[in-house]
Every structure is written in structure tokens, then in C-alpha cells.
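To keep things clear, I will list the structure first and then write my remarks on it.
Going in written order, the chains are labelled A, B, C, D, E and F, and every chain counts its residues from 1.
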């Protein structure tokens, strides 16, 4: 499937693109949205969900990006590591923070398997 | 495999248990460590890594726990969700923060597949 | 490991290759089979299983390809997305169907984590 | 986290619950929605996305449920296997279809690793 | 879906069950095969593949079981950890070996994410 | 993030690099360690864990490498497949062994989903 540029987009897709650009103060939407535009309904849902949940809330914007990167590393999504790693740095993540994040993602992936492999029962205190 | 209690532990294992209890100000170590004690070398390495990387650093302690929970949900490790979810709340996570975290983990798992499925090329700006 | 071409293949491997070509009406087997030929026993088992289960049965051939693509996206297997995406289109999948499939794969990966993360108990009605 | 029943729900959550019940002709929403109601924004987004993408479109409703089940098995989401397996049967899936689906999910998970493990290059014909 | 016992099995399924029992010198097949019997074609393919590939070959039988356990822990398949852990012990695995295996599975899951997260390029020497 | 060469490394990092080179009798450390050096604490922990657990123990060195490769294939870590596949061959793995390993990894990934999908209960004999 091919990406859909602003010029080739339907009015419906263009409205989402314009909202992304206005919200994120960007000259153009990034590749992810141009591919997703092949399914305009999904484009709208994903953007609407991300705009809402990555916006103001209980967690600060940087923490949200770091969580996003952590999941993307675990799932080995190269595009998502690149785009959310970029966003995390724009929101203030230092290289030290990114390296520490990566360390913790590695450790969690290790202890996840150790806990599952030993079939460790959940402590009463955690219930 | 069976958990190894403090009373039944070797001097080597007991030393690690004591360091865990002192560092985390706990009366007893939780089940994870008691199972891991079946492999004393690994017990030492995992504790030493976690003590160091989850301790003071570039990211604050709560953010580290949230990252840990995010990975554990993605991998479906029930024990790790329970233990690190507990730790996150102890370090100040509100229910609103935990629900927002879960939402972001869900969204990241979705967009990871959308980006991989469309084989979206990484934007020049992110390189 | 290197792919094994028809010319270089043993009689045993060649017999499987010939059956693949005859069954699928192809001039040559695709790369997957040429690599798998490094383990002739496995070549035979995988082909025999796929020939049988992807052939006539309770589900129609297109639905089977779509299921195959859905799993391959979830696991991020680039080769499998390409080969089974191709097969799905040959069996009649439109671009609209492929985009809708991708949307559903994304949504399922999201709600899988939401259900696991909240540890939602299975409703009585579903048991 | 606890599930939120209709009686205890905010007007905002109740409106989503009512739409789910009306759309799916159910007396009550199932557990998934009651837990998700802990994050009302996400409840709205997930429901709005599922209502739209699982509704009329390029793929028939049964095929969509089968895809959902295939992903849920791959990710080992017990709740999702139960709920979407139930929905698939309600939409006409026979036991033969469910068993064939499971077979294909198993085969895809196998060949995904074989293709990745051999690092099979994508055939020109598939590009 | 319900398990299918020897008594209730078709002649086709029974023949596979009998071969499993004779090959593995068991009084009865274990639960996995009784469930898989819901799809007799797949029962035959899986048994035929496992009988062949887990039998005599380049790797010794114990190593094969350990590999099976390693994958099953990574994927969090409780049934498979139990059945192949049992088989590994029957083929001579000591508790020390099982604990060391678990340690290595944990470490590999960690370094897999570190290598992916840093996007480490493959060294020339490894190509 | 950029790799850190021996020349540019801190004394702390250099000490780890020197130990890796001495232990493994290498002229230079491979890329993995040069990237991991961005987080010197983690470099130390990962090396110390791997040196210990991949060294002499209950399992022979080749078996350990094979387990490492099996996990890396399951997780689709290209770097880890290459580096541990190389190490396995250096420790004596033949091409026949590597192909058999890959076959078993594929089969385990298949039966993991079949067991989870059928929700097969663990046999009493395995508990």
C-alpha cells in the first residue's frame, strides 16, 4: 500500500491531517498518518484516541512518550521506536534517560520470563 | 520448583535476601526472590542489576515503575503486573495514572502493528 | 544458510518442490521453500500440513489467508506478510479488505493488552 | 481495579454502556467494558473504534471475529479468546471452523519463526 | 471445546493415539492430544512432525526438550512449560540444568530488547 | 545512539571491554557491547551476568548457545540470531544441528498456540 499525501487526500482525510498539523505544530504529517489514510475510519479513530490520551492528563507528556517507547522496544517496532524516541527527546528526554529506559525495558523483559518460568504465585500483599 | 525461605537459604542467598530487605525496608523478600534463589548466581545478578538501575538515576523512581508495568502488560506477566503495579502505587501512582498508563500501553500495541503492517518507512526527520 | 534451488536439490526435496509447483500452479517454488529445504524432513512436514489445512475445508481459502496475514502482522514477520498478503489478494482480497484487516489486527492487539492489564474475569456467558 | 456497574457509572460512562447494549442488543455490557470504564475517555475511544470497524464494511462480520480470535490466540489473551470465540460462534462459526482457525494460527506462528530464522528474503513477485 | 478420549475417538484419531502411546511407551495420551483430536488432520500433522523432529537426529533428545522449554517460557505457554519440563527431566535434566536454562532464557529476552532497542548493526564477522 | 569505541571509552567502560576481550579471546568487542556502553552500569551488569551464566555450569556451552538462539528466533532479534548463531557454530554446532534447532523452534511456537488456544488443562502427571 502507498502513502496518501495531503494533495491526494479526500476532504475527510485532509481534515484529520489538518488537525494533526495544527495540534502538533507541524508543517506536514509524518509517514504513519499517510499510510493509515488508506483506511480513513481508522485514521480518525487512532488520531482521536492518541490526541486525547497523549494530551493533558494524570501523567506528564514525557512519561507518556517513554511508556510508548518501552512498549515499542518490547514489540520491536522500528518505526515506533524512531518516532516516539524522537518525540521523547523533543519533550525533554536526555540521552541518559533514554539509556536508562532501555535498561529497564531489558530488565523487565528478563524478569517477566523468570516470573512466568518459575510460575511464581502472586504475594498476598500485592492482591 | 519450590521457593526457598530465609531459614532454608544458604549463607550466599541469605546475604542477598538481607540486602533486599534492608534496601527496600521490608520484613521479608517477596515470592519472586524466593523462587529465583534456586539459582543463586542469577539471584545475585538480577538483584544487583535491579538495585542499581531502579535506584537513583536520570529517571525518577515512579517513572521507572510505570515503564516496568508497561512492559509487563505487553508480555502478559501476571506476577510482574501485580508486583510492579503495587510498587508504582507505593511510589505515588494514582488510579488515574494507572488507567492512563494502561490506555497508552494498549494504544502503543495497536499502532506498533499498524506501523509494521503498513511497513511505514521511518521519516527522515526521525533519523 | 543458503537457499537450495531445484537443480541442486536431492530427489526427496525435488519431489516436494514438484508437488508445490503442481498444486499451486507455479513455475518455481518461492524462497521460503528453498530455505526450508535445508531441513528436508521439515520441508515435507510443513508442506504437507499447509497443503492440507490451507486446502478445502470449513473455512474458505480467502479467510484462511486473511487469518495467516493477521498472525504474521502480530508477530512482525515481514516475509510472511508479503507472501500471504500476496496470496490473499490473488484469492480476491481488495485493498479495502486488507486495510480493514489491518485495522482489526491493530484493535485486537490493543484490547488484548487492556483485557490482560485490567485482568478482566471471563463472563459466565462466555464459558 | 474494580469493574464499574451501570448503577455506579457516571452519565458519560452510562451513555457508552447504553449505546453498547442497544447496538449489540444485550441486557448488560460484558466485563471488559465495566473495567474499561475506569478510564472513561478510553472507554469511549475503544467502543467507538470497535463499533465502527467491526460493523459493516469490506469484510463480513464473521471473518472479522475470526481475525480477532486469531490475534488473541497468538497473544494468549484468555478473556479475548473467550469473548470473541463466543461472538464468532454467534455469528455462525461452526466447531469445524474454529478448529481449522486454530490450526492455521498454529501453522502461521510456526512458519513466521521459520521465515525469520532463515532470514528468507522477500521474493520479487511479492513486492 | 472438549477433549476426545480414546473410547470416543474415530478410527483415524485412534490410530494416531495408538502410535503416540506405542512410540512414547505410555498408557494413555496426554491432554494436548485429546484436545487436538478435535481437528483430526492437524492431530496427524502435529504428531507426525513431532515424532520425526523430536526423534533421533543431529541434536540429542534432551537438548531438544530444553529448546522446547525455552520457547515455551518466552511465549508463556503454561501447558507447554509443564509438559516439556516434565519430558526434559525424564530425559535427564537436573534441577540445576532447569534453573540454568531459565536464567539463560531470561538473559536472552533481555539482550534481545537491548540489541533491538539500540538497533545494533550486525558485525561483519557474523555475516 | 552511537557505538562507543575502546579509544573513546571511559576507564570504567574500558575495563569491561578488556575483560570481554580477555575472556573471549577477541581482538575487539562486538557491536552489542559498544552500544551498551552508552549505559556503563548496564554494560557491567549484562556482561557480569552473561560471563557467569554462559560460563561453566550444569549445561554445556553449546547447549546454552542453542537456547539463546531459540529465544532470539522466537523474538525475531536479528542481531542476536546472528551473534549467537555464530557463537553456536564456533562451539561446534553443525548446519544439521542449526536446521534441527530451527525446526523445533517453529514447532514449539505452533504447539504453544494450540495448547493456549484449546486451553488444554495441565495433566496431573506433569504437576
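Everything that follows uses one rule, which is that contacts are C-beta pairs under 8 Å (C-beta built on N, C-alpha and C of every residue); 3 or more make two chains touch, one makes a residue touch a chain.
If you're wondering where the values come from, they're calculated on a predicted model, not measured in any experiment.
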item	value
Chains contacting each of chain C and chain E, listed by label	A, B, D, F
Equivalent interface to B-D, taken from E-F, C-E or B-E so that over half of the residue contact pairs match	B-E
Furthest chain, CA centroid comparison against chain C	B
Chain at maximum distance from chain E, centres defined as averaged CA atoms	A
Superposition of chain B upon chain E: rotation angle, C-alpha, nearest 5 degrees	120
Same or different contact residues where chain F meets its copy chain C, judged by the half mark	different
Distance from chain D to chain C - Cα centre to Cα centre, in angstrom	20
Whole-Å gap between the CA centroids of chain D and chain F	35
Centroid distance [mean C-alpha coordinates] between chain F and chain A, Å	28
Residues of chain A whose C-beta touches two or more other chains	1, 38, 41-42, 46, 49, 53, 74-78, 99-100, 102-103, 105-107, 109-114, 116, 118
Chain E - residues contacting chain A, complex	73-74, 76, 78, 81, 102-103, 105-107, 109-114, 116-119
Chain A residues touching chain F - in the complex, by the definition given at the top	76, 95, 98-100, 102-103, 106
Chain C contact footprint on chain E (complex, rising order)	41-42, 45, 48-49, 52-53
Footprint of chain B on chain A - complex, ascending	1, 3, 30-32, 35-36, 38, 42, 46, 49-50, 53-54, 57-59, 63-64, 66-68, 70-72, 74-75, 77-80, 82-86, 94, 96-97, 99-101, 103-105, 107-116, 118, 120-123, 125-127
Complex contact set, residues of chain C against chain F	1, 38-39, 41-42, 46, 75-77
